[in-house]
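Below you'll find a set of structures to go through.
One chain, chain A, appears in both complexes that follow, with chain B as partner in the first and chain C in the second.
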Partner chain A sequence: MSAAPARSGARLGPGELTFTFDGRRYRARTGDTAASALLAQGVRVMGRSVKYRRLRGALGAGAEEPNALFSVGEQPLLIPNVQATRLVLREGMSLRSQNRWPSLRFDLASLLQAGGGLFSAGFYYKTFIWPCWRRYEGLIRRLAGLGEAPRGCALPMAAIEHLRCDVLVIGAGPAGLAAARAAARAGASVVVCESEPACGGELEFESALVEGLAGAEWIAATLAELAQRGARILTDTTVVTDNNGEFIAHAEPGGLPGRNAVYRIRPRSLVSAAGALEQPIVFTNNDRPGVMLLGAAERYLARYGTRVGRELVLFANHDRAYASARRLLDGGMRVRAIVDTRDEGTVAAAGALAPLRAELAAAGVALFSGHAVTAAVGRRAVAAALVKPLGTDGAARRIACDTILVSGGWSPALHAGLHGGEARAYEPRLGAFVPAEPPAARVHAGGANGRLELGAALADGHAAGARAAAGTGAVAGTDGGAPPQAQGDPPPRLAPFARSPCSVADEKRQFIDLQNDVTVADLRVALAEGFIDIEHVKRYTTLGIGTEQGRSSAVPGAAILAELRGVTPADTGTSRPRPPYQPVTMQSIAGFHTGEAVMISRRTPLHEAHVAAGGVLEPMGLWMRPRYYRANGGNAFDAAVAEARRVRAHGGIADGSTLGKLEIAGPDAAAFLDFMYLSKASSIRVGRSKYMVNLREDGIVLDDGLVLRLAEDRFLATTSSGHGTHMLSHFEHHLASQWSGRGVTVTDVTDAWAVIVVAGPQSRSTLAQVLGAAWQRSLAGLRHMDFADGLHAGHALRVLRASFSGELAFELHCRPALAVPLWDTLQSAGLSPYGLEALDILRIEKGYLVGSELNGQTTPLDLGMEALVKPGQSCLGRALLDRPAFHEGTRPRLVGLRAADGRAPLLAGAQLTTDAASTRPCGYITSSAYSPTLGEWLALALLARDRAVEGGTVTARDPLRGGDTLVRVVAPVHFDPTSARMKA
Partner chain B sequence: MIAPCHIERQPPQRLLEFAAFRWPAAALDGAAWPSAPGGVVRDEAGQPRLLHAAPGRWLLPDPSEAVQAQADAAARSGHGAAIDVTGQWATLTITGAGAARLLACAIEIHSVLEGRDCASVRLFDCPAVVARRPDGYALWVQSSYVSDFLATASRFLATLQPSA
Partner chain C sequence: MTRLTCPFCGPRELCEFEFHKTVPAPGSVDEYARTYLRVADAHLSIEHWQHVGGCRAWLQVQRNPSTGAVLAIDMLAGEPR
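The block that comes next holds the complex of A and B.
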């Protein structure tokens, strides 16, 4: 184990801990990130690149990191692709590098580097096409980069909070804090989201005075005031996307998925103050471990006391590099040189810089103006920088160093706004893109608005906060006061510079997008092949895809593309980043829809009774319904056959509570139903019910069910179980659109009535016994489709004589409170429950539609319901039922099928062909069952009308499950065609 | 950790719905019913008794004889229909200082109830009517969903506890 050097930093705690990286133990301080601890102990190689498997180290110090992605933990709970720069270490944490095999030091696939020239943009598209790309898929997947997905799923559910506020401030840097304070002072309710664990941004380490206070003191004072004014500060929380005015923020404390939280925030106004992202400069081998962003080095030093290297070369295009060099020198690192791309005249034009430059020169720092670092030297990590004058053929100098710190300027962090398509404009002063004409109720401030000087950023934030609060109409609390005055770094005076000159051959090692291994050469190939637009270039080369999303590649990418095209970055623009801004775990996206709760389920009042009776429940739509009962057989087939046989022989009970139930009331109820159904509801007498069919507007059958007339002005319509909610919407739509103001209402009473089906030859006698003398006369007098209302045990009870099994049967409609007692009593009286499988058998035997026949393509004529279709009907969908196409011979027709040999199983889904030689289907089996009553398999099918001749034969083809079966076409009603049993 | 929060399922109660044929239903104003959606009439204890839960649709939990008589009279005079929906909704209460935070897992309750006292909503994918009550919120969750509703609410409550 390496010894952890003594360090002091703003984010370090007093404790120590140990962790492992690729099996080796390291020490760290509490508060350390994986990157800060490893860098402090001299570990610079943290992974390999995704395509060429080149060695990579940390480029940044936070969310911008493209390289240092680790896998945390062990399978089956391995968490991949965690940014080492955000991961706060915990005791015993086990970390692994990625994109390498067998080890980080030696990786077999890195031999591909030898063929680096081959793997240019479009390589995969052009190469792996013969004879079929699938041939290569396995190999490519094995070589594919990034981490291994966890095999288990044990992350806890993310917390969710819906929030509303007057002003949402994205970012708690100087501008964000100033904005939040101004808004809060104006009386606005404020929420601040900060992706870092602590607030303050660069004030954390810049030696600046704000309102007379040191940076850290001003941060603390501002946070205290915000808390006192009721503002919510959410740290470790990144706004990842803008969902049409609802901002989704994702909290991942410690940078590791675990106790995540999702905030869905609806602000009246937004202040985008997410700062600006430091941009790299592209040069040859700029991906070597040891090449790092200049600002990142300062963060490591200030926050963790980590020195990223011993011998530094700074490479920049602005004044800030000199102040940074001073701080790094003070931090104990040796700055060998500052390489400034601007010419000496430009650099010297800022007189205020002269003393600092003189001081640095005196401290031994070599100052180069009008120069560039053209290459990093070193096999496994930076060993030296090659420095050349720009614009002349001067010789390259080799400056020995272990670290090259780069700063090519700053790009406003606009991602949360850009997801909504917000416009950007190129700002030559910054060499970056700034927000242009933000939509109403959105204000950009500080670095996100291109204000890079502390004083300007604070003033901008202050003004933005006040403007945002005013836009919400918040009642003014106190005056926001004067904008904070600050004394910090002077303006950077930046001169855009995207890449150092090099030979065309070296462009293969000039990396623009480090995460996706996209080089300048790739852009050149894309252009040569006609991909000119930045969005096309992105897709062809993978520039800025994945989690990188252009954070450090968009601006250099645009500038280099512009250079290669001979235009300006304003002409190329940048590609549009996609949400989320930061990776979000699937667990957070899923919310509570995980495990058994992946879909909400509905339960009937008899749910527990089914479970107690050994019912095997399965979801049918949203409903949990008993498929069969274990007591009746060891598997679904045996149990269902036993249950169906028992219903035909004696009787049984089933739970029909899932039927949709709509109560239609009012003087115009009958007329409304006459419009909604194919048959007339107005002809139903009170106390009677009728089987009715709904059509869609285009004449296709939508649903079927019974309609009961409860009173002259009141009906109960039942729908199939899965269609209840849809039918309610369907009814309400037509009620609102065509029947508005008429005397009719529709009310969902599905859950108000439990339904117990009592079916079988003994159903009437058992009911008489269970319901007692008060119901004797009613039961005896009920004809098929009659119903009677009364009381049982003091509760309302409706007994409807109707059958979906072909047996004498009754439906008991009762309030949920009566369902379980009634169910228990019926069982005690000798009736056993049967499940859905048995019900399907009974229905298919009797030729009743099972459900799959209503497939959104069938008309009443297809389903053999000619008796319901009459001339002169004016109900919904009736007119289009007369379309000639619905009467052609190719239309399907509901038929019954039986195996020609009387034995072969028939399976739903099998395709029907005219004979075994034909491959063109003329229909298919919609439902099938083994009939214990008839001793053979029965099926219902939709068969082309011109083939649907009873007595004919067709072939049922089911190559995956059962092969070919010759089947006979028969009438759909297989059992009791006269319905003598049902009407007994 | 959030402030204490209790979810309780209340005993079954008689429930009536009144649906107006036309809305706004001026003739119902005389019945002292809340005419604007979101309006609630409360009893002496502050409990909701008459909720204008959706435009032209009122939920009447445990209706008093007087309220029942008003509904019947309104129906007789052709303004709408009263439907007995006992059993359609399960009655729950969420009480305690943390009640709003629990609901915030599904909706931003302050926005939903802004300028009103009750609303028809979906909570954790479950149809529900929510109303303010003196110590928190009253909920009527569609009965077949209530089991999953309670399970989901419990899972969210767990996310609000401090980490181990």
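The block that comes next holds the complex of A and C.
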């Protein structure tokens, strides 16, 4: 274990802790991030790259980090791809590097790159194709992917908090704080989201005075005023996406998902002040551990007292590098050289810089202008920088160092989740892209608006906050006051510079996108292959994919692509990043919607009775329905067979409450139903019911059910269980449009009536006994499809004689309060409940549609309902039924099937072919069951009309479950074709 | 989440609404055209929605599919299809 050096920094606490990285123990201070603690102890190699497996260290100090991704914890509960630069350490934390096997020092796959240079763009597409790409899939899958997926999940359930405010400020740097304060002073309600654990942004380490206060004091004073004005400051919280005006913010305290993880914020207007991201400059081997962003080195020093190296070379294209060098020197690091890409004339033009440069030179810093770092030297980490003059053939100078700090300017954070379809414009002054024409309710401020100077950023933020507050019409409080005045670093005077010159061969080691291993050579290949548009280049080379999303690669990528194409970055543009800005765990997205809470479920009044009787429930739409009862058999098959047999022999009861029930009333009700259904409702007599079918407007069957005529102007339509709400919408749609103003209403009465189905030969006698003398006459008078209304135990009861089982059967429509007593009495009278599996057996035996026949592809003609289709009908969907294609021989036809040997099982889903040699299906089995009544397997199937000849044979093919079975085509009605039992 | 302004209930989240279809091209007379020929305009889409999670009103929504902007929301009336 290394000794913990004494460090002091703005984010360090007094305590100490230990953690492990790749099995080794390290010390840290409280408040340390994994990266700051490791760097302080001299650990620079933090992972390998995803494609070439090159050693990588931390490039940045925060959310911009592309390389240092760790797995936290151990399988099965590990969390992959956590940025070491954001991960705040806790005692005993176990961290592992990624993309290496067997170890970080030695990785087998990295030998791949030793062979013959690196894989270029398109390598996989071009190489792993012979004789079939599938042969290589396993190998590639082992090598591909970022990190390792967790096998389990122990993350806390994430609460989702909904917030409303006048102004949402993204980013609590100087511009964001100024904006929030101005908006709050104007009386607006303000929410501020800051992705760092602390507010202040650059002010945290820039030596600056704001309104006469030192940076830290101004931050504290502003936060205090915001709190007093009721603003809400959410730190550790990143706005990850704009969901059409609702912003999703994800909290990751300490870099890991926490308990209150997701905010859904709906502001009236938005100030985007997420700052600007420092951009690297591309040079040969710029991915070596030890190459780091200049601003990151300053952050490590100011926040954690971590010195990222001992001997530094700074490489930049702007004035800021000199002020940074001063601070790094003061922090105890040795700055060997500052390599400035701008020529001496440009650098010297700023007179104010001269004293600082003289001071640095006196401190032993070699100052190069018009030079560039062309390569990092060193196999495992930086050992020296090669420095060459630009524009001349001067010799390369080798400067020994352990760290190269690079800064190529700043790119406004128009981040993935925010910019949506917003345009970006190239700003040559910055060498980056700035927002162009944002919508009115969205103001960019500060660095995010290309204002890189502290004073300008503060003023911009202040103005943006005031404008955003005014846009919401917030009640004016005090005015925003004067914009904050500040003294900080002077403007950077940047000259765009994207990459150092090198030979074409070395372009393979000039890395643009470190996370995805995209090099300058890859861009060249893409162009040679004809991929010119930046979006195509992105897809071909993987530039800016993954969690990187162009944060450090978009601007250099655009500039280098422009250079290779001989155009400007304004012409190439950048690819559009995708939300979320930071990875969001699936657990956070799911929140509490897991397990039973994923969906609401509807329960019938008899639910408790089913559970008490050992019913095994299954969902149907939102409904829970009993499949079978455990008392009747150990599994679904045995229980269903026993239940079905008992219904045919004596009788049984079933819960039909889940049927959709719509009451259609009014003088035009009959005419309305005549339009909505294929057959006529107007011909139903009061007290009678009819089996009816609805069509979609294209002629396909939508649903079927019974329609009861309760009165001249009142009908009750039943729908299938899963379809009730959809059918209600369907009816309402037509009522709201061409039936609007007509005398008809539709009311959903599904929950107002419980339904108990009483089926079997003993159903009538049992009902007579249970309902008592008052119902004797009406029961005796009920013919098939008749119904009678009355009272039972003081509650409304309707008895409908209708059958879905082929047995003499009755539906009792009763008030929910009556359901349980009636159910219990029926059971005491000798009828046992049966479940859906048994009902399916009974339906298949009788040739009734089970459900999978109404698959959204079948017409009434396919289902054998020709009797319902007549010329001259004008109902919905009827016209398109006459399309010729619906009458061709290849259309399906509902048939019954039985095994030729009378024994083999038939399974729904099996494909039907004309014979065992044929592989082209001519139909398939839609539903099947073992019939205890007939002693063999029965099936319903959709078979091509040409083949649907009774007595013919086809082969049912089910290679995964049962192999081939020769089957006979029979009529769909397998049992009691004359319906003698039903009409008894 | 996008919000739609229901004429009865005011601005409500999109999840309360259910999309049904876009309206047929104007001048579609025969049943085939009315069922299958829809308008595909990059800047104006006229659609039928229902406020299923609220007042259940059927609405005609005019949107700009290119920007996602909602241009108008009215009660559905007259010809349905």
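Rule of thumb we're sticking to: the second predicted complex is superposed on the first by the 953 of 984 C-alpha atoms of A that agree within 3 Å, B and C clash if a C-alpha of one lies under 4 Å from a C-alpha of the other, contacts with A are read in each partner's own complex, and residues count from 1 in each chain.
Following the convention adopted for this analysis, a contact is a pair of C-beta atoms (placed from the backbone, for glycine too) under 8 Å apart; a residue touches a chain by one contact, two chains touch by 3 or more.
All values derive from a computational prediction rather than experimental measurement.
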Partner with the higher number of touched chain A residues, chain C or chain B: B
Which of chain B and chain C A:Ala817 touches, first, second, both or neither: first
First, second, both or neither for A:Ala752, with chain B first and chain C second: first
Partner chain(s) touched by A:Gly666 [first = chain B, second = chain C, both, neither]: first
Touching partner for A:Ala780 - first (chain B), second (chain C), both, neither: neither
Which of chain B and chain C A:Asn243 touches, first, second, both or neither: second
Chain B versus chain C as contact partner of A:Ser729, first or second or both or neither: second
First, second, both or neither for A:Ala482, with chain B first and chain C second: neither
Contact residues common to both interfaces of chain A (with chain B and with chain C): 264
Interfacial residue positions of chain B with respect to chain A in the complex: 12, 15, 17, 19-22, 78, 80-81, 83-89, 101, 104-108, 110-111, 124-126, 142-145, 147-148, 151-152, 155-156, 158-160, 163
Interface residues, chain C side, partner chain A - complex: 1-3, 14, 18, 20, 31-32, 34-36, 48, 50, 52, 56-58, 67-68, 75-81
Residue numbers on chain A that touch chain B, as the complex places them: 156-164, 259, 261, 264, 266, 592, 597, 600-605, 607, 623, 663, 665-667, 713-714, 741-754, 815-817
Residues of chain A that touch chain C when the two form their complex: 243-246, 264, 421, 697-698, 725, 729, 732-734, 736-738, 740, 879-880, 883
